[in-house]
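Both complexes below contain subunit A, partnered by subunit B and then by subunit C.
Presenting the complex of A and B:
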């Protein structure tokens, strides 16, 4: 037998759980290695621009925490999370109109873990999850890993369409399918970059209430709006029917891995048990860093700094798209968050086009990653969060050239069918 | 409807996944709130004595990491973990005779997450997991949460009994049961405090090889031996048949939540996908803190400091037990790790006795938490890792008084049946 383990076959291939067969590498993931090369302008990743943080102040805070309170900061904590942090989390959520008690909050390893645990406690194989079309790629991976059946609900420029939601619920009920929850990113959607207006929020809540359907409100970008006050969260108007997922990954630092779930007590109890069996507890040091950062740093001003920075990058991207994209492309004009969602001219396929984009030194995420059924090849997601404005403009310019070349190919040789595998 | 959420019934009670019904609060967990009261000597928890770390040096290191490398340390990392840390992990494992490549290592949120992910990718409901009797309470909770069927294999003072393992495998095979893996803590066992000698290691590996049975070697305490060199890991003699789980929780700091799995490549791939869908990645800051600590601090000397400190506490516990425990008690004499496993005189029940111990201001973990079938009420686990020696002696003295009173009760009123629920 070879000594290089990569040359061996996997002798455990027949022994994995059924769910392991539904765990597949995301399209973003396969991209990262290539997109990280410095000559490529990556409009692919959703990495916050950490450099804009006051790193000296955060470093001092981290050092002091360990030096002065190391016996707590480096020790195991409780499965539910630090009580002081949970209090601060309630204050953060108050900005979105949420009145909550720290006892209803469970701190998690990023909001990704909150979503994983929600799926773990609710989903039996085959259970239906409703999700917007498109939907967050990391959520789809989690749903797949628990063998959920994802049914998409269409969106328009104002987010999920209430009539379509109602119709989908009715259709599934008629087919005897059990819907466990609706997963939604109502504000500055990833990837679609749209936001549900207040009136639709009331309608969606009403539909969920009448259908006895639990709603998971995933809101990592809620405080990253470029104009005006934060949107009122869905959870603010339904304490019983909504589980709210929050994150400090975009407002403070993703590398700390601190997020949370706000849930009714029955669900909260299950989440704590699930968190304990999954990881025992979230890093105490990371939790206390967030707690002390919120207590001692001008965190709301820092969010404004982030918002201004991201708004400038959004503007750079939108003006570059306007200036260089060929006719037939359409894109969203986000009021916050990290992304622009772009529709290619008819007959173009973002997955097929990707290798040519990489050759032209620009990267994006093909739309197919955001649909459980692999559709969406006419879309792509562009991120403006990480590269500086000049790089964004250069990246869009390169992309426009690629799209133009694709249009020429299409006009010469005919189009790819929408479902062509890459 | 009441505004206090605790007064509401759980309206989602019929909607949870089947696995949520097997998630139950551990006996340790229920204890923690009480045992944390200062007047109680807690011999219950497995918390390392973090105060013995050079907190100034670790604090400085943390501060510098954020200040100088914050753009990386506070950013998302890869699902597999930092490459430099994975190299260092291979050097740590070399102390136990393991030759491994960083590519085979997956960094996890403590080794608890590694175990959770292994269970996630291998266990379909009803699949059999073999585990020592007794076994780590956190592992049993994880197995239960994936609806595994745990079958215990007896141990003696030298750990798992090879003949019993063979017999159990044969019996399950005859019954047509599918065994997915054997979960073992071969060194300084939690809670049994025994260690598998070299000769038995070879036999256990041989049995697993012949039965094509994957072995999970959970080894958080391997470097915390009080005499001589570290034991050779099982993984050192079976790269293909063993998944090794390691942790920095006991050798550096539990509050960072950094552990790892060392696995053959096929399993490694699945673990990375599962980790990504569970948490995206382990905290970059925590990973880089461990990497820099290993690179710049005298970490092996620090482990010696821990070992001397824990050895002194073990000695304090053993001499106190010797001095004060009534006839009929038996206990293990650990060569390392955190625990002593104590068998009560016939007819006593550690679960029934616990409230009286708490009244006498001493806490322990009843043996029943360490058996999937709820047996083990004649045992209890005592931890010597956290309290200082004088507290340990006082705790044991109090416990001895409680046991003596129980013996008197037994002699007066007769014994509790072994399976009496508390």
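Presenting the complex of A and C:
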């Protein structure tokens, strides 16, 4: 026992890097720990519905893989990824109009690692990253960890607004700021659930080209559309101006942690070196599982199964929202992906409201997580990918009650002290 | 001093015990960490201990394979409001800590304040109001009277809850409505106190059958100045001093206050009282906890260490006491 009564509990507290200062315990995380319980209808997390996979076939494939070529599957692999898998990835991307060579592909631990590596090789502290408002929370966390300065560009129902993008680039250039890249989720956006139409895609590409601005196209949901053919990827029309990030998390299984980056050669080389320094290689077993799954299983039919299932859940959520949400709420009607983005009535704060929702046994993600500056409290993200339709309806019914109670609180406290004579 | 042999036999005599941790309150994560720590400490003391959640599987588990005793480590509502202990009572399973009726009194902060005040302790002047009152009578008029009566700064917290969730200081009148809305997100009744300025201490009380004994006070110095959730559960965001840097007189005063609170609330086995020592040396009671946090950043384990006591042995002895209460 020490005689010094001072207990700091973490003797290294003064030695952490500046970028670790924001890594602290939070009420929101505490609430999400409750949301994982089965008693809660969680409309929060974007977990794919893995149960819909042919698990027996995947299991057989995995066993066979270890039996037949375990010495390779359980060994280190190349930093760039398995060549056979990279060929298959090019075939997957062809569905979105992309013509690519396997040599341009780097396999990563989910597309999240591809984003991390891109940020690592491009961002010095203080460099500017442009991102849609709102933007994917995992991307914002990555940008923050490299001390990037995120500048949001507004969106409307058709995604990022080209005029706003031009204006933002000009404003930052005039201020002498160095923009390293534009990060975008153009198809079935997370969280805003909107999709950039073809005409606007051309304009965005043109603006980036004229501004010499690299575009990162993050496209995990591109093949999960509920109507018609897949959208043509931005990368399909700009081989040297776009780095495309893809993922098998939603089309096969998120637990495999296999994604990729498709990048021009110069960037590709740096990504490979960065990947090797980060993890040596992506799991060989996971890569070979994906390769064999693509080679032996009807994977496009399975994606159709996922799409039909998610479309049914989207419909369940939209009809429940229509039936029960109070006046003043507005929400998106996604054509694919996992999410509905909901705007609360004026004066309500989704972050403050979350404990009441957890008490009512329903969870969502407050909008504040999707803005680098913590704004967006009037929004919340609802996910329809994981709960079954009946649970979604029950969750939305509970949420409606929570919002109604919050409206009453706003009406009770909203006008004080401004309207109260001193 | 118990010999190794006696310690082993005591642990063996206990048989299988369960720690209840988790629950569905916002303090679930904290509770899971407390439960894991208690389990590990008990195993270190030779006790056959497992941690389980309080969910629909609990009653079938307790009835099919009853443990010798239960150590409740569920924080917040369900854990500290007496509900889970009432259920344990229904099942005839002995448990560590205060009985359900005492938990109900202690968990309700305004009730606890009234009881300890009646026993002679000082608590910050306060008002307690349900949200309906603000709705029915008009928030403006009520808040105005609160500020007029208690002044500023204030401290707003849910009448029932813990870990500072929904609680916060209010420095100006403009901040009050937002603080009330945050508070009401965690419960339907708010306690608005005059802000007690001074040294914040937590004082644990242990009763192993020989009367309530205070542990050394632990002084809490959050880097941000306010002991919120992040300051409580991020190692390094708060400095603790165990024992607290108090004069002997103040140290005796806070120890006596914690024992008085423990007794006045009818608590049993263990508790923790949160207190403020103002610059004049006056001690203010803030609240009492019947299932104190036992995480790596919690004050009760720090106090035990400062007292030179083994955490696992204490947990074992409390279970032994509880198990023998059955008869």
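Keep in mind that, in the parts below, the second predicted complex is superposed on the first by the 395 of 422 C-alpha atoms of A that agree within 3 Å, B and C clash if a C-alpha of one lies under 4 Å from a C-alpha of the other, contacts with A are read in each partner's own complex, and residues count from 1 in each chain.
Rule of thumb we're sticking to: contacts are C-beta pairs under 8 Å (C-beta built on N, C-alpha and C of every residue); 3 or more make two chains touch, one makes a residue touch a chain.
Since the structure is predicted, the reported quantities are computational estimates derived from the model, not experimental observations.
Using the contact criterion defined above for the overlaid structures, shared-chain residue A:374 touches neither subunit B nor subunit C, since it reaches no partner. Shared-chain residue A:34: touches subunit C; no touch with subunit B.
Of the two partner chains placed by the overlay, only subunit C lies in contact with A:413; subunit B stays clear of it.
When the two complexes are overlaid on their common chain A, residue A:328 makes contact with neither subunit B nor subunit C. Subunit A is touched at more residues by one of its partners, and among subunit B and subunit C that partner is B. In the overlay built on the shared chain, the residue A:25 is in contact with subunit B and with subunit C. After overlaying the two complexes on the shared chain, residue contacts for A:354 are found with subunit C alone; subunit B is out of touch. Once chain A of one complex is fitted onto chain A of the other, the partner contacts of A:142 are limited to subunit B, with no touch recorded for subunit C.
In the superposition on chain A, A:298 makes contact with neither subunit B nor subunit C. Residues 1, 5-6, 8-10, 12-13, 24-26, 29 of subunit A lie in contact with subunit B in one complex and with subunit C in the other. On the side of subunit A, the complex with subunit C involves touching residues 1, 5-10, 12-13, 24-27, 29-31, 33-34, 37, 39-40, 349, 352-356, 358-359, 361, 408-410, 412-417, 419-420.
Those residues of subunit C whose C-beta lies close enough to touch subunit A in the complex are 24-30, 32, 55, 131, 134-135, 139-140, 143-144, 163, 165-166, 173-174, 176-178, 180-182, 184-186, 219, 229-230, 232-245, 296-297, 302, 305-306, 308. In the complex of the two chains, the subunit B residues touching subunit A come out as 1, 5-6, 8-13, 15-20, 23-26, 29, 32, 47-48, 50-51, 53, 55-56, 58-60, 62-68, 70-79, 101, 103-104, 109-110, 112-113, 116, 120-124, 127, 138, 141-142, 144-146, 180, 212, 214, 239-240, 249, 253-257, 264-267, 270, 273-274, 276-286, 289.
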